[in-house]
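Okay, so here's the structure we're looking at.
Note that the chains are named A, B, C and D in the order they appear, and that numbering of residues resets to 1 at the start of each chain.
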């Protein structure tokens, strides 16, 4: 199973700043291992962010996103204490959902 | 033959003569480069990179092993003494290398952590030595634990002890290894890290003889290596420097590497640790 | 060879008079060398004999790269005497091949294969062609080297010799002795000479 | 069905059947996302193809799109990029790397207070133009680009 994400969420004024680190190989499908064999592509394809019960972001990603991806978002009108739920799904169907609470 | 003979002669007759000179700072470097565009540009984005460092993912993995893993006899890392008492992690990283009476040896953090993982969690040292460093396929458990332990000293002052004679010895020997030129390219550690303002390609080279720069090298590792996307440790950094120095390979967790790390860490004493790092 | 031996004996004798503090301090240097010989293992082409100092390394190591002038002059002369210049007398090769070689940082590490020609490692330490912005600063900039210094026979000879054995001109130079160490062959050095001196090379544009 | 779901489905070209399935509560949005990953755009081998796949062919340059990225990357494997749009009613941002084999890196939709701004890290195989395409609520597309140089970093050995 995939490692947990690290999610940081903090209010700055009336805007929540959300940063997330994801543990994922993000294989492009172009890399060769040391035996010369091509390593099959394996990458996150979709990401959703829910804040306070509302879907605020949904995104799709490709192989150009760096290994162990980092994303940052800003959500206006969120409040300290709101729950942030982030989900990803990759091209092999692996997925991961983690949550955090917005800090003041 | 010619080389060997002259080496012997010189070695025999000159070692004494130059013992004092050798303490002096080394050769003048190329004119110390001012901060040029490339270095300045990299620094602008360092903060962004450091703010969200994927090293945290490995830190979390290491924390889990430290706190939850049990050895075959039911032991855990709670029994591991990193120098501040059994199970104490906070601040331990920046106070190694240090002398450990139980093994009558000076150990750097990596050496001590591996020692504990073998002793308490039942890891096989031979297996660890088979793949001591991370690669794109695998970050070994001990590397994650090192990352966790290092992170538990973040924002603390480096304070590698120099009380025990063996700790002083490690420092002094490390200092000599640092300056020792040999091999087909005539390189020593100091060839790249002995003067200010030097760069290989675009990579900044801290002058490890200065506290304010030694800290930069020290806190780079353990670090998240952007190339490949995995964690590498100080033991790896030393190993790969010797590779590029065109030396033979230093054994993993050997006295020579501990000595070098003692020299670098003691030089950085008093500086505040901001690692784990993120490196190109 | 005889010349070299004599010089070293002379050099050592000249220094012996200042050897007073010797036995009062612990010889960490010797301990360090012994420790390395114990801890370092041969890997690939990187054999353990690389841990032995040769004469030049020994002098530089013991003087903090700052040897007494008379010793430096003598040892530099020995090094220069041993430079092998091409039998055909031609010192300039192909600057394009030189540029490619200058880019490569490979050669003589334990991960390099035996018999595969190494790289010049030049950009690791020097600025050279203006098109390459990723260059090191351990050595001086070589941009416009030929343009500012000329590219006549004497300059060609100097550059060839410098690459073959940098220690012939500055005993404790940080630069490797590429010819002396068999890190670069004759043709490779010629190509690097051309990179620095050929008027057609981007270095001199 | 909220605004975000509508924009996403539109952008990804969802079929009526799937939209109906969501409306009926049979499919969860995440399942739809996985199913509806915009293959046409992400598998495109050049920027034009990818932008076309996003439905944004003919996007006009706009100074309201800001791309913060290094002029020279310390390492092409991890290039920190921050993109934002001050164009009113921006609901979606896509990020592309023109010299990568598959240029489209990310396409994100924003709703319910999420600002049209995101930080991410990209792989650049070589010196490239990072392009950002913004879409507004009324379906108009705008773009901007910035060059990021990738150089040789270490000892090269």
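The working rule: contacts are C-beta pairs under 8 Å (C-beta built on N, C-alpha and C of every residue); 3 or more make two chains touch, one makes a residue touch a chain.
The structure displayed is predicted, hence computed values, not measured ones.
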{"item": "Partner chains that chain A and chain D have in common", "value": "B"}
{"item": "Distance in touch steps, counted as few as possible, from chain A out to chain C", "value": "2"}
{"item": "Centre-most chain [mean C-alpha coordinates]", "value": "B"}
{"item": "Between A-B and B-C, the pair joined by more C-beta contacts", "value": "B-C"}
{"item": "Averaged-CA centre spacing for the pair chain C and chain B, given as whole angstrom", "value": "28"}
{"item": "Chain A-chain B separation of Cα centroids, rounded to whole Å", "value": "32"}
{"item": "Distance from chain D to chain C - Cα centre to Cα centre, in angstrom", "value": "51"}
{"item": "Chain B-chain D separation of Cα centroids, rounded to whole Å", "value": "40"}
{"item": "Set of chain A residues in contact with two or more other chains", "value": "19, 26, 66-67, 70, 72"}
{"item": "Where chain C touches two or more other chains at once, by residue number", "value": "109, 111, 123-124, 133-134"}
{"item": "Overlap residues in chain D, where contacts from two or more other chains coincide", "value": "72, 77-78, 80, 82, 119, 151-157"}
{"item": "Touching chain combinations (by label order)", "value": "A-B, A-D, B-C, B-D, C-D"}
{"item": "Footprint of chain D on chain A - complex, ascending", "value": "15, 19, 26, 28, 30, 45-49, 51, 54-67, 69-78, 87, 89, 91, 93, 95"}
{"item": "Residue numbers on chain C that touch chain B, as the complex places them", "value": "1, 4-5, 8-9, 11-13, 15-16, 18-19, 21-23, 25-33, 35-36, 38-43, 46-48, 50-66, 108-111, 123-125, 133-140, 167, 172, 174, 176-177, 181-183"}
{"item": "Partner chain C, residues of chain D touching it in the complex", "value": "72, 149, 151-157"}
{"item": "Contact footprint of chain A on chain D as seen in their complex", "value": "2, 4-5, 8, 12, 29-30, 33-34, 37-38, 42, 77-80, 82, 97, 100-115, 117-124"}
{"item": "Residues of chain B touching chain D in the complex", "value": "37-38, 41-42, 44-46, 48-49, 200-203, 226-229, 244, 280"}
